[in-house]
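In order of appearance the chains are A, B and C, and numbering begins at 1 in each one.
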């Protein structure tokens, strides 16, 4: 429990109403009850604000008159909500539980203090794990990998040999870091594998979603700079470089040797083909395919709008005829000029 | 082994031919031999029916004259085939094998009778597992999760804290239930994680395909109603709600807070963007992208037809010129009117 | 270490320059230093060739005059590079480490000589593993599966019952072989599962990327012929058949009962719908969707080109109007004829 006035002081914000009211957790406007703090960051929820039973609401100063109850005033209500939610989450965060007797840790591994390691995890030779990192159950960390401090590695993760994680990196369940990149040379009658001898290097404060895969470099390294966030089921090919603060939504894929700039937003299911460069500050819409370098910041898309099947079938036929249609229009234009 | 007449009686159907013939397993029309029962549910296989060596065939009454051998008559041949195949599968189903000595089970977990748990599985504090559920090898079930009775949890699955599974739920290998949703607030110079404190709630009779991921809710829960079936490699974002009897094919993705109705069919690789609502009874074609609410049942698509590269290159150029082409047609129309 | 002349002799190639120079590893043209061998297979790197510090470079005879240093001459520089890289990789390959005391191996399993099995792996009843195969940590191989010799099975893999792998097969981390295919029959009020009783059969010299899933057949088998290579996060449905030497890039999906020919290249994120046939020698571009049989070798695509949002929004509107636009052009043409 924390009071509204304590929370305001902690976050260096002002509040209005009863500063002594006790707050226990965050909740949505619609579901909040006594001891819950909620927030409004999107005007489309204004109607819910009016009826909210929240003990307090985080509001932009321009909207503070829209709610009669207790409020915490913030120019960035969503960022403040994130901070408040993190405050409560830390109160309830699990205790470090030490090293489970059924983990296997190679004697040459260097495990810093306050590290926890769950049951049936495997820590290979010469692995280094920094202070206060939490390794859940059933994690494999292979030889010579380096994990920074305060990392959070969830169940089922595999980190292959010699990969590096910075500080405060989260890998969600099922992530695979450092599998071989997809490198094949075609000889006369079969494919020959190119050994993948680079590493994966992940900067500080990154998070990687469940079952996402990041391949090791072919010769040099695959690199994520600091504060990069990947959602679930993403595929990052070998030698890819992703700039700081870039965020990628679920099921997107970046093919080998592509270079993504800083502060990019890549939509769900989008694709970036190999060996191209996307500059800083680019937004790619969901399921779009990037096939050429992008040299100017901005928003890019390529996916046709959804139609009901009757109309879509007509459209699809017409798309195939589009070159012919264009030529017919050219002919009409020429005739007109005659 | 079962005879044709026994099978007919069990399913309350009629048969024609030798009721004493022994049946041992299901097979395709083309591969079936003595003691195999096959089925015809798709008229395009009529040719194979004529030459089938099956001991018996499940047939619609309208087609029963197309086959001279023994037959089981059903208005729904595919449903009957499913029931027959399940009958044989149950005969051969693996024995419950009890709790493997190399599983780790927290002393506070409540494990009902007839539960089996495989080697190197981890059952966390206060987990509840219902009667006759089978937990394979190398499964992690975290604190406070609740698993119904008769569930089937395959190898490598991770179920994170406090998630709920109903009765008779199947999770295939590599599924991750309850990883953190992708919630980030952008502050001045970096992303701040929004703690994800909701759960995943899965109804009765659901099945989830290999390596599919379902994220926990941000504040409230991610919900799958009863009889929802997801194929492999699917991503379900936080706070999504999926109605009963909906089926989603492989590699599809549903972004955060989207609401999918009942009895929907979502094609392989299709995408649904966040915060939209799809009504009951909607079919989305493979690889289509849903970007707006759908308010009427029906079939929807958006993917251009495949063309060979020579033609597709022309089409692609023309698509980019489409707005200009439309304006040229407008000009021709105006000229004509002059 | 190996000298340039030794390497040339081993590969039956000629060299130019100092045959006694010592080579220790492969490197890119830009990063290579003393004792590194590099290669040029793509003319776009010619500029880097001129400034390369590599001890030797693998070059096509037509380009040998472009580099003044030591060179290994090859008609197929990339294939030669692959062979050289494999030579160095084998020098550094990990020792077989035997069977970890914390693996669980059913007494009925048949493990050939020189097999290694990592910690917390589970080998089920009657499994057969061939000579010199390496099973990493935390792998599950279920009853009656057969693994050939010299296979490489990485951490977290699941191979379900009765599946077969040929010789020299690599399964990267998180792969699931033999999960149930997605087979459901719709009865009046709910879905009935079709038991999946086929297997997955994988030929010799195949490789399967991280977190890729290959479902077992419904009745018959899902088959990959020899020398098939799948990248990460791919989904292969039940009863699919993939011909020899076919290569599929990341995040692609092949739906149930599709048949892909030999020597095909399927691009990243591409989709193939169920029950269709793609002939030998077909290339499918990234994110294209194959909805009909392909009967002629060639390159096929269907994805619209990326545009900036302002232009794309116009294009998207026009695509929906395309049938109407075509009719307007038809009307203009008729009017002209009047």
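In this section, a residue touches a chain if its C-beta (ideal position, glycine included) is under 8 Å from a C-beta of that chain, and two chains touch if they have at least 3 such contacts.
Nothing here was measured: the structure is a model prediction, and the numbers come from that model.
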Next item on the list: Would you kindly state whether over half or under half of the residue numbers at the chain A/chain B interface are used by both copies, giving same or different?
Entry: different
Item checked: Equivalent-chain rotation between chain C and chain B, CA atoms, steps of 5 degrees -> 120
Check: CA centre of chain A versus CA centre of chain B: separation in Å?
Finding: 26
Next item on the list: Would you give the residues of chain A that are in contact with at least 2 other chains, written as numbers and ranges?
Entry: 120, 138, 156, 174, 211, 233, 251, 269, 287, 303-305, 307, 317, 319, 322, 325, 329, 332
Notebook entry, point to check: Which bits of chain C are touching chain A when the two form their complex?
Noted result: 25-28, 31, 76, 78-79, 81-83, 85-86, 88-89, 94, 100, 102, 118-120, 136-138, 154-156, 170, 172-174, 205, 207, 209-211, 227, 229, 231-233, 245, 247, 249-251, 268-269, 286-287, 303-309, 312-313, 316-317, 319-320, 322-323, 325-326, 329, 332-333, 336
Margin query: Show me the residue ranges of chain A that touch chain C in the complex, using the header's touch definition.
Written below: 104, 120, 122, 138, 140, 142-143, 156, 158, 160, 174, 176, 179-180, 182-187, 190-195, 197, 211, 213, 215, 219-220, 233, 235, 237, 251, 253, 255, 269, 271, 273, 284-285, 287-292, 294, 296, 298-305, 307, 311, 314-315, 317-319, 321-322, 325, 328-329, 332, 335
